[in-house]
Amino acid sequence: MVKRLALLGAGRIGKVHAQAIATHPRAKLVAVADANNEAAQALAAATECKILSIDEILNSDQIDAVIICTPTNTHANLIERFTAKGIPVFCEKPIDLDLERAKSCADRVTNNQTPVMLGFNRRFDPHFKAVHDAIKAGKIGAIEMITITSRDPGAPPPEYIKVSGGIFRDMTIHDFDMARFLLGEEISTVTAQASVLVDPQIGELGDYDSASIILTTKTGRHCIISNSRRATYGYDQRIEVHGSLGSISAENQRPVSIEIANQTGYTRPPLHDFFMTRYLDAYAAEIATFIDCLEQGSTPSPSITDGVAALTLAEAALLSVKEGRTIKVGEIL
Amino acid sequence: MVKRLALLGAGRIGKVHAQAIATHPRAKLVAVADANNEAAQALAAATECKILSIDEILNSDQIDAVIICTPTNTHANLIERFTAKGIPVFCEKPIDLDLERAKSCADRVTNNQTPVMLGFNRRFDPHFKAVHDAIKAGKIGAIEMITITSRDPGAPPPEYIKVSGGIFRDMTIHDFDMARFLLGEEISTVTAQASVLVDPQIGELGDYDSASIILTTKTGRHCIISNSRRATYGYDQRIEVHGSLGSISAENQRPVSIEIANQTGYTRPPLHDFFMTRYLDAYAAEIATFIDCLEQGSTPSPSITDGVAALTLAEAALLSVKEGRTIKVGEIL
Amino acid sequence: MVKRLALLGAGRIGKVHAQAIATHPRAKLVAVADANNEAAQALAAATECKILSIDEILNSDQIDAVIICTPTNTHANLIERFTAKGIPVFCEKPIDLDLERAKSCADRVTNNQTPVMLGFNRRFDPHFKAVHDAIKAGKIGAIEMITITSRDPGAPPPEYIKVSGGIFRDMTIHDFDMARFLLGEEISTVTAQASVLVDPQIGELGDYDSASIILTTKTGRHCIISNSRRATYGYDQRIEVHGSLGSISAENQRPVSIEIANQTGYTRPPLHDFFMTRYLDAYAAEIATFIDCLEQGSTPSPSITDGVAALTLAEAALLSVKEGRTIKVGEIL
Amino acid sequence: MVKRLALLGAGRIGKVHAQAIATHPRAKLVAVADANNEAAQALAAATECKILSIDEILNSDQIDAVIICTPTNTHANLIERFTAKGIPVFCEKPIDLDLERAKSCADRVTNNQTPVMLGFNRRFDPHFKAVHDAIKAGKIGAIEMITITSRDPGAPPPEYIKVSGGIFRDMTIHDFDMARFLLGEEISTVTAQASVLVDPQIGELGDYDSASIILTTKTGRHCIISNSRRATYGYDQRIEVHGSLGSISAENQRPVSIEIANQTGYTRPPLHDFFMTRYLDAYAAEIATFIDCLEQGSTPSPSITDGVAALTLAEAALLSVKEGRTIKVGEIL
């Protein structure tokens, strides 16, 4: 039986998920809801699905699960409403910008006993997954030090920054989740530095555009995260894990692997321009995992608890920058 | 309007095309025909299409075009029958193992004035296409010397070799087409050497498993092709073009881009295991181009004439090996 | 005129410098001194120089400059004695493990007005120098974030650890100098984490074997340093500088650039096994620079002041680990 | 005892060898001879050796061996004169442009029973040597197909072309020797194509600037050589060997290993600009091997016979181009 999905939010990331659903052999997008009627119509036309209101989707018996891609401040409410009805939810990160709200939502989800999967797409990237699997297979022995380099191609506009929750909750949150995914051990301390080097407007809004973070675990493992809101050469997404027996790394990806050699040297093209192309395979694998969970009745991962954990680290990083000290994660919980 | 396609032949390459059709937004596989009923049923079930006989497909008014993936010795007849009915054809290479038969088929297609596209999938590989486009854009100046390295992961079984037409018609034919695609000038001479180094059985069948070919054009450009039926490290598919202003190359592709460093060194995984995964994107782009031609009523390329040209070079290569001399292409025509 | 050099200390690093001197066209090693007679004899035999006592060297009028490669705790005194005599000094890092002692030595050197060059060899590595020069030439715009990865192939024995001054003064000191060399702006804060992950003996001696450090400058630039005392794949020495217009990186070096492809993948050999081979060119260029300064009477760089600055950062890093907070460099000065 | 060497010829390659001798711990350049007095004086000054006439060198009892770097047309005579006196010779390739003359010289050398080493420097390149050693160690199983890419940065002036003996005897001769060095089996056929694509002047002089050659051995192994007199990106020197168990390759070399990433992509610097820097290590290792042979009284390799063999292949290639057919090496001998 094909799983019938409804999409809440027809924006940039909504379209990415709609595309992933379209290529899945056992999933079908049957409805889309968006306050912006034009966006809803465009997506409905492209995918041949119906336009419904959120309430109509909530009350429909023709829908097996929802994909939430609405603005962040609606996530927690929507998760609660749909899980209360027993409708499985896939929700984009973050749960909420407020950690307390995210936690109360997670508690409600636990009560509702309905599956919720969080959109940490990078766990499903084939290259990063191969890193994860090689670690699990013991290829590099015990993990000691992880380096995550994560740089956006360009800074978002002030309007986006204003509602983003800041660099740690908006951007680093993916790296916090990746660190947790790879380390195989909970993070115990967060130490961060942040600057405004790319765009002074970001600083005027109280946010940062460049950040360096050191995470440590109880057994002393380190993870370094390097973030920037601008990389002229494309979407810079690399991971390197150093272990007792060796190191493993996942290189950057580019649309085509060619190289031109001439008087100025050997030049390969820039990287993917952003997440819509860089993580195309990851989004498809993520949706496929969600569909698998629906089919098998298994618990999806990453879960809403993973969402709370990543948000906690973001909170700790922000506090670390403000107070100029290492934050114990227990201080935040 | 979605283009309704029928697939003739549900074997290995038939499945590849069925998958490409499944992910195309404006194409739909509506029927499959295969003498092997089990193969037909499996593909029909997977793609939710009907099983029809070739005659039923020929006479249906519900079919916009056919994809021919049947054994080689049926290609020319099927091309002629379908184009006689005005039904556009996409046909796997080669047209026929016999050059005369291929030419007579091409003549008939010209008379029938119905579009025929030949399955030289590599032209649609995004990396090779980027090489082609960069050349056209003048990035390396005038082309001087091309090197094509093309090695299969492993030798096919004797049963395949027997009906394959030999390494030049079966395997090098793709490289001959790539040489023509990139050189932008017709090939005037063919000089070849061939050996049995991989599997003595191949030699017993009168074929070769290792070949080196030099092509030249009228203006003196060279193209070297290096073929082997075995590469332990995967499907080795590389192109390098040397020009007056620089060189351009397309590197090998692997499923995941990771690297493990340990006491034995730095190791990246083997390449794709064969064409089904290596050229996944190419097959999708190839079918998309065919659909575009159907929609726009434009002439598809590579055409049946390209198929005849590549076959002519294969014939010349064989003669060169046998006679130990450079063959002028005019000798073959 | 060939510059006549005397070498104090015929140990591991002493031999490296002796080799660099041997290949310099305008320098000659004329004397060696070492408390260990065997070491002195071996080096004297290999380089055809005399064995003298330190006092004899100090009082000789046949010596143009000295290279100090003795144990760390003798550096400051030797620097002071030779500069007091007006004999130019090249001294291995660090000046002293005690920051106060290093500073008083630097003050004395200033008074003596005799050239002293500090052995921060990495500044002279052709690859890192090319990074430095490209930055100066504006190739990546304004520097924003630097990442220095520096891992030894294996942990030194406890005897070495005991007298090393700890990982920050012994190992990271090179990276602190490199950060200063590249940033082009003084460092204002140091934040560090350190662990014992490689060898528990190191922990028992009160030292660490794994460290992550974030440096910041007044304008908000970041530099991350990642250190480990063990890398199974060789001597891991990489630098990456992210700027407003792009990034520049210097890759790891290996003795031979070959790659073997087989069923297990594509494997390149391990890296250089340690600094003696990795920085062979750097040591030669370093000595050449020292000779140039002697010939031209110019002030050598890196200077003893650079040595004090790097030692100050090491001190700050240690304090940061101990107090779990960001240290302002001004606190240390 | 230090070996005392005399250098005949103070031109470009003479200087390269003088430098290699200067860095050898047990060799010393004691004399130089050159018809061009200025060149002789410059080299003598730089290396602190005497200027002697060839006859003076021939009759000196202070000279252990000679390095012949004079114009090609003097090589055979000089080899004969020095070996007749029992003075070991290192001679630059080729022995002579005329195969018969080269052979008669080789015969004379055999009679004289004095060591002669031919200057096929690439055998001593650490990267190519590592390829050779890995093959010998069985890392890729049985050799099947070799690809040698060898491109000069730019075409030499007409004056050079005129006396060069043509591309096969002047340039490809190195690749012929490399093929023999790696194949471990004598070459039985030569098939070549050659064009004028770089510089019409070269064609006017009856020579070619672009060549593709296929060599085969009795057991059917292939070696492809691709030559061009121009590569805008530097001195292009690559080798790839395909075997039954895998492939091995030696990559191009550049002065510094850095990479700059920006909006136009990822760029590494051009390659070495020519043999003087690319093969610096090879020249040093070559001279060191010659010195070793002198010290141990062992027979140097590559020998004058290797020089004759490579020249024979050059002759065969030329004949192949002229006659448009595969040449059996036995036809030339």
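Chains: A, B, C and D, in written order; residue numbering restarts at 1 for each.
Just so we're on the same page, contacts are C-beta pairs under 8 Å (C-beta built on N, C-alpha and C of every residue); 3 or more make two chains touch, one makes a residue touch a chain.
The structure presented is a predicted model; accordingly, all values stated were derived computationally and were not measured.
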item: Chain pair showing more contacts of the two, B-D and A-B; value: B-D
item: Chain located farthest away, centre of chain B as origin (C-alpha); value: C
item: Between chain B and chain A, distance of the C-alpha-averaged centres to the nearest whole Å; value: 40
item: Residue list for chain B, restricted to those that touch at least two other chains; value: 231-233, 245-247, 261-263, 269
item: Chain A - residues contacting chain D, complex; value: 231-233, 261-270
item: Chain B-facing residues of chain A, complex; value: 22-23, 25, 126-127, 130-131, 134, 139-140, 245-251, 253, 255-263, 269
item: Residues on chain A engaged by chain C in the complex (per definition of touch); value: 142, 144-145, 147, 149, 151, 189, 191, 193, 195-198, 210, 212, 214, 216, 220-222, 224, 226, 228, 230-233, 236, 242, 244-247, 324-326
